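Input: structures, listed below.
Both of the next two complexes hold chain A, though its partner changes from chain B to chain C.
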Partner chain A sequence: MFAKEWRSELRTRYALNTLALFAVNTLVVVSASLGPLGAAPGRSSETLPVLLWLILLFAAAAGLPRAFVHEEETQTATALRLAATPSALFCGKLAYALTLLAALEALVAPLFLAVMNLDVARPGLLAATLAAGGFGLAAGSTLVAAIIAQARGKGTLFAVLSFPVLLPLLLLAVELTRGAFAGGGSQGQGGQGGAGVVLMQLLLYDGAVTTAGLMLFPVVWNP
Partner chain B sequence: MKKRTAFAAFRWLLWLWLAAVIVGAFAYAPLAAKFIGQSSRILFFHVPMAWAAFIAFIAAGVSSLRYLFGNRPRRDPRHDRAARAAIELGLLFGLLATVTGAVWSRIMWGAWWNWDPRQTSIVMALIFNGAYLALRDAVEDAEKRARLAAAYAALGLVVTPFFFFVVPRITFSLHPEPVINASGQVDMNPRMLQVLLASGAGFTALFFWLHDLRTRVLAVADQALEAAAAGAPRAGIVGAWGSAPPHITEPGTAADPATASQRTSN
Partner chain C sequence: MPPALSFTQVRRRFGRLAVLGGVSASVAAGEVLLVTGRNGSGKSTLLCCLAGLLAPDSGTIDYSEDGAPMDAAARRRRIGLVAPDLAFYGELTAAENLAFFCRLRGIGRERGDELLRRLELPPDRPAAALSSGMRQRLRWAWALLHRPRLLLLDEPFQNLDAAGVAIVRRLLAEHLAPSPAGGGPSAPAPPGLAVVANPVPLEIGSVAATLDLGA
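Entry: the complex of A and B
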């Protein structure tokens, strides 16, 4: 399933190009409009993580819904229903979204750091956050994409539906990225044991959403 | 007939109860210390509204799960209607809680809004409910609509705990927490607590009453749609009662195969 996704993706390179271009465009807009302020010390480590995750979220929203929308549009969905079990299909789509997002993060994160002149105090934490956040983003969007593919007004609907689901993920990821940029513990109330606890919560979110996806996907997919 | 009498009695009891809560909130309960003016009295309505919104959210999730996984192999549209009614009421109570909260926040904190964790979670709940209804509007086929919406509501049920337990811990909160606090102790004047609990019970009952009404209205609407599709205009009224009241069922209608099949399907 995973191999099939990439094969058809590489044939068109639609999602990959769109995602990359969209992310870079957003990054340029953000960076250019912030100008030298982006590099200003002090507040930057507070606000920049938000921008980084917004870029990732919107790029994901631009590219990921296609995973299922494309199947419905080209009417290959029925063939897929026959060929693969729902859980295999979900895992395949999830792995596809995951690798796509990983590629995106590998492109955006270094560029972001370079353009914003940021020093990362804890690179390991940043990498872990990107990995865990990317996973949650992929899992949440894959299920929502499966839902909206069967509805009208797909693009806007995806943004509307995924936002409340992904909001906790974003809040946690932003908090962690802040910690990674600034160094030291998380800046939340009383620290709460620092970044490790927040990272655990992020992983918990990933696990919960993936499990929900595995359980709910069969009923979404099969009439 | 007995059931309807019981309903009427329940309704009157509910009105009296809520009226007593209003009187109690203004005349019986004392003002809380350290609150500006009379502002603490909003508590007796604001907290139960938020509570009702929370119940609505859980009810929608549970109904959705029952729709998806109960009654196999044939899904029961009753649970879908219950979920939708709960989401709508959740939107209503959530909006009321948000507005009363904002009014109070303006008085006490000097700003209508400050992204307190509880404000974050109620906004997420409101957006979620709105998204659920938007999703329903975007699907034509009734069975598919119910299935997709139920899956989405179930996903919401999975995400909710993060708003209630995780996000409040990583951001600073100004929210007063005499009832829902970490130490598990109730730190409140007993009279205030009595009124608050009475109000909470009243709002819970109000929610279930409204939910029942709304579910029945949706059932009538569904029946009417099906009847219109089947070309039997009478069937809508019959289905709403679960079993047909004798004075509505006419000899001709009951014999009609379309009507009969709808009644059994409900």
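Entry: the complex of A and C
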């Protein structure tokens, strides 16, 4: 499933182009209005993590719902329902979403740091946050995409359903990214002492969403 | 033990529209159940219920292979379906589509190559570039990949030319006959069975019964 998803993607380039274009466009807008010359040094570690995760969220939302919606729209879902076990299908789609998001983060994060002229106090924490946050974003988006695939008004439904699913993830990821940018001097939970706890909460979220996806997907996918 | 399918008082509604109003029939190994009826009479809905793709509102569907009864989830994985709304990945070639489904089903891709040859399909042409007749041949190849015992065929000859009809009739005849290769070293595999839905009666071998859903 994973290999097929990438083969199809590399031939159509739909999600890759959508994600990359959206991410780069928003990055340019953000850097033009709040770039290194426009952001007050004291405020940059407070506001910029929010912007980074908003860029990642909306870029993912532009491309990831397609995972299952496309199967329904092109009527390939019937063949999949008859040939694949739901767990294999969910894991394949999740693995595809994970690698797609990893590629997105690999593009967006260095560009973001460069155009914002940001020094990262704790690069290891930033890498861990991007990895855990990206996993949660991929798992949450895949689960919501599976739920909405057979519904009408898929675009609206994705936004409505993904809000409560992804909100805790975003809050935790923003907090950790603040800690990574600011280093040990941060007063929030992302400071040196609290970062481990918040990262653990993020990992627990990832585990919970993945488990929920594996348990719910067979019910959602099959009649 | 040969496979057998029977269903009793199967009903299905879509909102206020009653599509299936309690239909019953049975079919045994080596036989064909022919389902006829005008457009909208519920033929495709019945096949979807039998395939496990739709849950009937009421009624029972009993299908067993080798004496083991199968629920909807098990039927979904075991049956072979040919249906007009069955589609494949347009950006992948016919051979890549079959290889993908072979892998999902845990069977060697040689089976896909064999069916491509038998159905005279161009292996390297993207599915999106296949003619409607060739797409129907690809549906047949896909349905037969895992050597199912139960074939559910919704308008199986749709869009096929004379050569295509001859090929799939031969494949259907083989499906309905005992397979000398499939039953292990000592015994041949029992014959398969099929449910064929078509708006008008078909000249097709071994029709055990015809279920008319409405003229």
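Everything below uses one rule, namely that the second predicted complex is superposed on the first by the 210 of 223 C-alpha atoms of A that agree within 3 Å, B and C clash if a C-alpha of one lies under 4 Å from a C-alpha of the other, contacts with A are read in each partner's own complex, and residues count from 1 in each chain.
FYI, contacts are C-beta pairs under 8 Å (C-beta built on N, C-alpha and C of every residue); 3 or more make two chains touch, one makes a residue touch a chain.
On a predicted model such as this, the values are computed, not experimentally measured, just so you know.
Novice: Which one hits more chain A residues, chain B or chain C?
Specialist: So, of the two partners, B touches more residues of chain A.
Novice: For A:82, decide between first (touching chain B), second (touching chain C), both and neither.
Specialist: In the superposition, A:82 contacts chain C only.
Novice: Mind working out whether A:161 is in touch with chain B, chain C, both or neither, as first, second, both or neither?
Specialist: First partner only, chain B.
Novice: Please indicate which partner A:216 is in contact with in the superposed arrangement: first for chain B, second for chain C, both, or neither.
Specialist: Only chain B; A:216 stays clear of chain C.
Novice: After superposition on the shared chain, which partner residues are touched by A:151: those of chain B (first), chain C (second), both, or neither?
Specialist: Only chain B; A:151 stays clear of chain C.
Novice: Figure out whether A:172 sits in contact with chain B (first) or chain C (second), or with both, or with neither.
Specialist: A:172 contacts chain B only, not chain C.
Novice: Does chain B (first) or chain C (second) touch A:196, or do both, or does neither?
Specialist: neither
Novice: Which chain A residues lie in the overlap of the chain B contact set and the chain C contact set?
Specialist: 223
Novice: Which chain A residues qualify as touching chain C in the complex?
Specialist: Answer in residue numbers: 1, 4, 7-8, 11-12, 74-76, 78-85, 88, 222-223.
Novice: Which residues of chain C touch chain A in the complex?
Specialist: Interface residues on the chain C side: 51-55, 72-73, 76-77, 79, 81, 83, 85-92, 96, 100-101, 104-105, 142.
Novice: List the residues on chain A that touch chain B in their complex, please.
Specialist: 143-144, 147-148, 150-153, 157, 160-161, 163-165, 167-168, 171-172, 175, 186, 188-189, 192, 198, 201, 204-205, 208-209, 211-212, 216, 219-220, 223
Novice: Spell out the residues on chain B that touch chain A in their complex, using ranges where they run on.
Specialist: 68-69, 120, 124-125, 127-128, 130-131, 134-135, 138-140, 143-144, 147-148, 150-152, 154-156, 158-159, 161-163, 166-167, 169-173
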